[in-house]
Amino acid sequence: MRGRLRKRDEIRNIARAVLDTYGKLDPKLQHIEPTPLPDKGSIFAIVEDLLEVVYPGYYGAKHLEPSNIEYHIGDLLDSIYSRLSQEIYRSVRPECERPDDPCNHCHEVAEDQTLALLTRIPDLRRQLSEDVQAGYDGDPAAKSTDEIIFAYPAIYTISVFRIAHELNRNGVPLLPRIMTEYAHSKTGIDIHPGAKIGRAFFIDHGTGVVIGETTIIGDRVKIYQGVTIGALSFSKDAEGQIVRGEKRHPTIENDVVIYSGATILGGDTVIGEGAVVGGNVWLTRSVPPHTRVVISEPELVIGRK
Amino acid sequence: MRGRLRKRDEIRNIARAVLDTYGKLDPKLQHIEPTPLPDKGSIFAIVEDLLEVVYPGYYGAKHLEPSNIEYHIGDLLDSIYSRLSQEIYRSVRPECERPDDPCNHCHEVAEDQTLALLTRIPDLRRQLSEDVQAGYDGDPAAKSTDEIIFAYPAIYTISVFRIAHELNRNGVPLLPRIMTEYAHSKTGIDIHPGAKIGRAFFIDHGTGVVIGETTIIGDRVKIYQGVTIGALSFSKDAEGQIVRGEKRHPTIENDVVIYSGATILGGDTVIGEGAVVGGNVWLTRSVPPHTRVVISEPELVIGRK
Amino acid sequence: MRGRLRKRDEIRNIARAVLDTYGKLDPKLQHIEPTPLPDKGSIFAIVEDLLEVVYPGYYGAKHLEPSNIEYHIGDLLDSIYSRLSQEIYRSVRPECERPDDPCNHCHEVAEDQTLALLTRIPDLRRQLSEDVQAGYDGDPAAKSTDEIIFAYPAIYTISVFRIAHELNRNGVPLLPRIMTEYAHSKTGIDIHPGAKIGRAFFIDHGTGVVIGETTIIGDRVKIYQGVTIGALSFSKDAEGQIVRGEKRHPTIENDVVIYSGATILGGDTVIGEGAVVGGNVWLTRSVPPHTRVVISEPELVIGRK
Amino acid sequence: MRGRLRKRDEIRNIARAVLDTYGKLDPKLQHIEPTPLPDKGSIFAIVEDLLEVVYPGYYGAKHLEPSNIEYHIGDLLDSIYSRLSQEIYRSVRPECERPDDPCNHCHEVAEDQTLALLTRIPDLRRQLSEDVQAGYDGDPAAKSTDEIIFAYPAIYTISVFRIAHELNRNGVPLLPRIMTEYAHSKTGIDIHPGAKIGRAFFIDHGTGVVIGETTIIGDRVKIYQGVTIGALSFSKDAEGQIVRGEKRHPTIENDVVIYSGATILGGDTVIGEGAVVGGNVWLTRSVPPHTRVVISEPELVIGRK
Amino acid sequence: MRGRLRKRDEIRNIARAVLDTYGKLDPKLQHIEPTPLPDKGSIFAIVEDLLEVVYPGYYGAKHLEPSNIEYHIGDLLDSIYSRLSQEIYRSVRPECERPDDPCNHCHEVAEDQTLALLTRIPDLRRQLSEDVQAGYDGDPAAKSTDEIIFAYPAIYTISVFRIAHELNRNGVPLLPRIMTEYAHSKTGIDIHPGAKIGRAFFIDHGTGVVIGETTIIGDRVKIYQGVTIGALSFSKDAEGQIVRGEKRHPTIENDVVIYSGATILGGDTVIGEGAVVGGNVWLTRSVPPHTRVVISEPELVIGRK
Amino acid sequence: MRGRLRKRDEIRNIARAVLDTYGKLDPKLQHIEPTPLPDKGSIFAIVEDLLEVVYPGYYGAKHLEPSNIEYHIGDLLDSIYSRLSQEIYRSVRPECERPDDPCNHCHEVAEDQTLALLTRIPDLRRQLSEDVQAGYDGDPAAKSTDEIIFAYPAIYTISVFRIAHELNRNGVPLLPRIMTEYAHSKTGIDIHPGAKIGRAFFIDHGTGVVIGETTIIGDRVKIYQGVTIGALSFSKDAEGQIVRGEKRHPTIENDVVIYSGATILGGDTVIGEGAVVGGNVWLTRSVPPHTRVVISEPELVIGRK
């Protein structure tokens, strides 16, 4: 008892030691200021609510009928508007140098950005409808488009990506990456919100897929699990700092198929229209249209164990 | 202020534009009807509760003793019965053409299917006990079977797979895939509920493993992370639609070991009893029993950076 | 109605059948005893709270200011102390042979272990600050260290690993693995808490990375998605049981870079200081310092589809 | 330890003893049947949601604006419709003798009753607006009508009463009483849903007020805490059973004021228009219009303590 | 901003000033010690769960059927056992002088007391069944015994009282009063857990009823709202301290009816069998059996307003 | 089915009809504006948290020890500061005519008012310590001061009153009344936050007590259940509007005792120091110090039933 109490007393010393490190590190690993950073839990909830707007009846409320759909979706959009504009405010505020708090300019930006995203939902639905159809057409294991929407990690990830991409395109910091990492965490598919991806895109299985920031993907492209579309190397500037923002990732043209485990690297690498990249291929150069690239099958050594 | 209000007013226009797309797309991406679709959140909770029945004291309630175990498990099974039969009803209802609502026939089916699954739990426990032992025997990093049950993603995934497989075998739509994708999301191991998997199965680490719908796996098979057991190509019918339901995935016989990153493809591919498939091997043809298949080690180029 | 009731009655028979399997299997798959096992949900919450102490303002409460930070962190540490010492108690109690219940000795151990971990937080913060900087320096896609902390699965996993490693080093059973598997589940990065990892460590993308129990990694090492640092084979003892605890995994010296998909195996394998291991390389032998190892690029067969 | 376990084992005996009493008592104190009774928690939530429809911005969601009010209220009404018709179903089902389960007739009734109530909301708002004004006009302590709505137990109780009265008038069993008792529990004001109450009704303070089932109250009546409007005695039938449904409570005409602690009893008692009933008066006979009834002030004995 | 921050800084001074008062007052208004006091929220939840055991299907879970009732009630009793014995431990621990922590003796006491209460449930159900019947027989407004159980504050209060009385009879401190005050808070009926109350007890409406600690009430007694059965005066000891534990409250014999607002005071006051006490009567002396006591109706002054 | 759908369609018409009444009534019963009104649920939570600061270890967190008390209370005060200043902002904003939104002036006011309240907590604790002692000294049923704090509705109400009184004294609108009505709802004791109440105040049982806005109560006053300290009549101004703010309620001097059911009315009524007011007394005139006022006991008519 005695001893046990004395142990708990140690917490005061520990707390002091921890507090001593606040403000002393670089990077600081802390944000102890009146204007808070975005809240990940809130962003995740917003993403799920946006998915309900996109896929009503699959995500969220289960009793949607023609008589209530307008009310429900309207109420949901209004709620998303409030919460998303708050999170965007928290994302842009630290980058703004205006002294006021709260910063009216940042509120303006946040509300405009929110509307810009919401306005894109009808278009996103059209794109995602094509993605779902591509999934159904491309996987013999799929029994219905219901199954695609409910159970395909690719569709989940692409949906979140297309939402995050809109925010990224408009220059909202932090949020787009938090969103795509949320999807990455759930599906193992890592698409940077900066990537440009065309219509009717499909990924089968998907775990381990990486699609880098400056990737460009055309229409009707299909890729399998474990595919990397990545950077080959990074430029560094005169001071040895890596250069950010350059095109470092490949271009994949229309109707390309890339099988599992393939790795395609480099900002100048172009996979031509209709090409097929075989499994486990490691590519750092371009491939002409309508060609098939496979590893010359490595010799297998088969013998008694 | 003024402006800010006017911005929020935009939501009405956005809502109308979104609503305009409901019912106009194909696939529709919506289910706005009196009979709702299955609820993913509810299915996930059912899975966790089933895992508590299978592994009492590891999942769920923490104070199980001989005096209360019967009450607790009985109450839990009863609750699972109610909820699971509702979700199965929601899964089968859209496929049923009877006009009544609610559909008594579908209720009958849902309840029978639920009982059919629950009746299998004792057998599932026996199978999973062997799987846990296989994990302990196969991994020197494991300190105890407690650790296997608590912390091995393979055991989690195989447990959910074995439950989902029962439903799939009995023809329940949607639910089995939602269940295995739930496990896939948590572990990165993607096993289709249609696969047939024998006794004492073990997967180490597991991220990136894919086991396709028509795979057959024997007893005492052990595989490592990143292994794909997949389809080679799909048949298409006269109209260019892919044919669903054919055997497209390999057969893995008893006592096979498949090392990390190996890819085995094709419905006619058979890995014979006791064979060992080396890491990163890419196989589209069969391997005789008791053989070892490895890549002829690719020449490494070693030089100064 | 009638029939439906009779169906529900079946649950009694099912419950009896399930209960009949409790205590009859080996491994038992059950823990039905007065002293409960650790609670995974509670451990996950403790991990998130520890991350808030490490990264205040990023995780957890959003309104931290200089005026309240001491109170908030102090209160949080005190709460962590209570909960973590309970979970450690539950971890060590089953291994203790003392007959008392509750076991005072185990309480002592649990409290000491908890303090030992909390005392390490200032140091962990210093290490993690270097890891975050390494992430920023190593990825041109990163726009800020905020983004690294918020959205990089590597940082999440390394943070949890460094916490779990402390507990593992002190011999706490079960908990360290439950913690790293929690991170593995979220990020697809599987680092065993037994691994020894140096300063300024970074993993890009990360899905599929496996770092085994007896791995040793130096300072400023950077690895990419899909890299395995694993065991080559296991020793078995005279009775055919695998030997646990031996060094089975490679040593990676300072300043090594390992590209995506590479596999490095074996307890005697040493990747020398400053070496670069190319993508998809499969290595079971050592590499000298300051060398680059790449696959002799496999011949690609490029032809019309 | 030993002993402690044996104690817990006692619970099995206790459970059996408790179960033995199920079905053996009269009244049974149990409802163990496939069709459940109404759920009090759900009814309470419905009441709070109805109050939000009646007083938007005071109850429930805090960010109502002209742009979202229609969506929010529409969505709320739809949700109330689903839940309230379920609770009404559960209320009427046990009284229905049709053998089917679910009973379509009861569903019809429940839905019709729900619509009948919701249709009355505009009128209820008009009535309650007058009640709020009466409160403001009648209490010098009230600073605003906001305060009346937020903090006057009378308004809360009258609002719930007026809702419950509609259901009671239409013959819905159980629910109206559960609703008014919910308000009674919160405010100490006990108004039977069968009472008929006119316009601009106000109760000040209110604790201890009782208004019986067959009371009739006119317009602009004001009463104070502790007032009982009750029954004098009950008729019994030939078998000694009390007769239910007779008018047993007084009639209070327009513009009457009844001060605190007054008791007015009997079905034939009429308090005439404009009368004033003084505090603590005990009345079992009628009072003519425009009269004031006070106790001849009891002699006070004032002396040294 | 500046200013606003400085304001928040004030909280540190306030916290210090508040902390300065901890330990300096008498009574202290604080309990800052390793062994916590009982938790009111937990006790309230236990009460609700006990009511579910007593009234299955009215309180708590809504889908009780013959097939699951045993499991559900058994599981609930087991859970109540754990939680209630913890709260009793917290109640008795501060009164125990043994130095150990935890105190095994107090655990023994707590578990015995818990079992003692649970063992009484079958009997409590029999008593409460008679109370419910008394309610139905005594109130013409009641349409069914369902309504009595669901909506009569008297039944709620008497149920909680009968539970608390058992604990009080066995000498458990604090808990019984916390329980009856929980009911008092919900119903306005204040029954001290020390009172002795016979069979078939009924209270109509009930707000304002007070029944003191040493009251004795016989069988088939019926009382109305606002009735006080209280103490007349308190004995003080030589030091001027009030004497606790004496019989200070009246005895009410079988078949007595007490109408609303009556006040009966004094430990020697006996209301004889079958007596009727009229409304507003103020009694400090005994009343013979089978008599009716009413106020000589005070003269009413009726005049124009 | 058909019909059932058509029924649900009715909700659209109902929604329109309800919306039509928004903005058309007077009082409006609505607050549909960008600046929301205070949130009752939030205020209730703040009250409970303030009670934890006042009575640490009785309310709120159960594991307070000397080592953590400072952190816990500091963190709690900081959280109360944020939330309470928001609710005060919402209370004062509608009364402020400044056009900005948000209104910096109102934020200043809200923060100042919050600090003003928190600064008073040490003093409030001293006052409440005397109130608790008065309860213990005044009720022979009380076994300990723990019981007083845990289970006496008077202490709960007086605590909330003393908090609300501070806010009321400083002119905060709405909140004080919402707070005291929260306590009124739980205890049946209705104390207006405007009343002035001295030291060592006690109310026994308490249901039905009313203490009006302009009441003045001295030190060591003790009152019983059902006591009203109220207004006799209201002044009206030339336009027939009641005059607000006048002294309308009695003055109760030091050491007065008022027994149950007594009613004391009128702004000029003074109950002199040390006086005793007997049960059920109805007083509209002053009473000299050190006197006892009782009803000349009404003649009781005792006869056979």
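By written order: A, B, C, D, E and F. Residues from 1 in each chain.
Keep this in mind: contacts are C-beta pairs under 8 Å (C-beta built on N, C-alpha and C of every residue); 3 or more make two chains touch, one makes a residue touch a chain.
Computed from a predicted model, the values in this text were never measured in an experiment.
**Q** For the chain pairs A-B and B-D, which is connected through the larger number of C-beta pairs in contact?
**A** Contact tally favours A-B.
**Q** Sharing over half of the contact pairs with C-E by residue number is what counts; pick that pair out of D-F, A-F or A-C.
**A** A-F
**Q** Calculate how many whole Å lie between the centre of chain A and the centre of chain D, each centre taken as the average of the chain's C-alpha atoms.
**A** So the centroids are 53 Å from each other.
**Q** I'd like to verify one number: the distance from the centre of chain E to the centre of chain F, where each centre is the average of its C-alpha atoms, in whole angstrom.
**A** Using C-alpha averages as centres, the distance is 24 Å.
**Q** Among all residues of chain B, which ones touch two or more of the remaining chains?
**A** Only 4-5, 8, 11-12, 15, 34, 63, 65, 67-68, 70-71, 73-74, 77-78, 188, 207-208, 226, 261, 280, 295, 298 qualify.
**Q** Would you mind writing out the residues of chain B in touch with chain D in their complex?
**A** Touching chain D from chain B are residues 5, 8-9, 11-12, 15, 65, 67-68, 71, 102.
**Q** If you look only at chain F, which of its residues touch chain E in the complex?
**A** By the definition above, chain F touches chain E via 53-59, 62-66, 69-70, 73-74, 77-78, 81, 107-108, 111-112, 115, 118-119, 121-122, 125-126, 128-129, 132-133, 136-153, 186-188, 205, 207-208, 225-226, 260-261, 279-280, 295, 297-305.
**Q** Help me check something: in the complex, which residues belonging to chain A touch chain D?
**A** Within the complex, chain A touches chain D at residues 63, 67-68, 70-75, 77-78, 82.
**Q** What part of chain E is in contact with chain F in the complex they form?
**A** Touch residues, chain E against chain F: 3-4, 7-8, 10-12, 14-15, 17-22, 25-34, 36-40, 94, 173-174, 177-178, 180-181, 184-185, 188, 190, 192, 194, 207-208, 210, 212-213, 226, 228, 230-231, 234-235, 241-246, 248, 261, 263, 265, 274-276, 280-283, 287-288, 290-296, 298.
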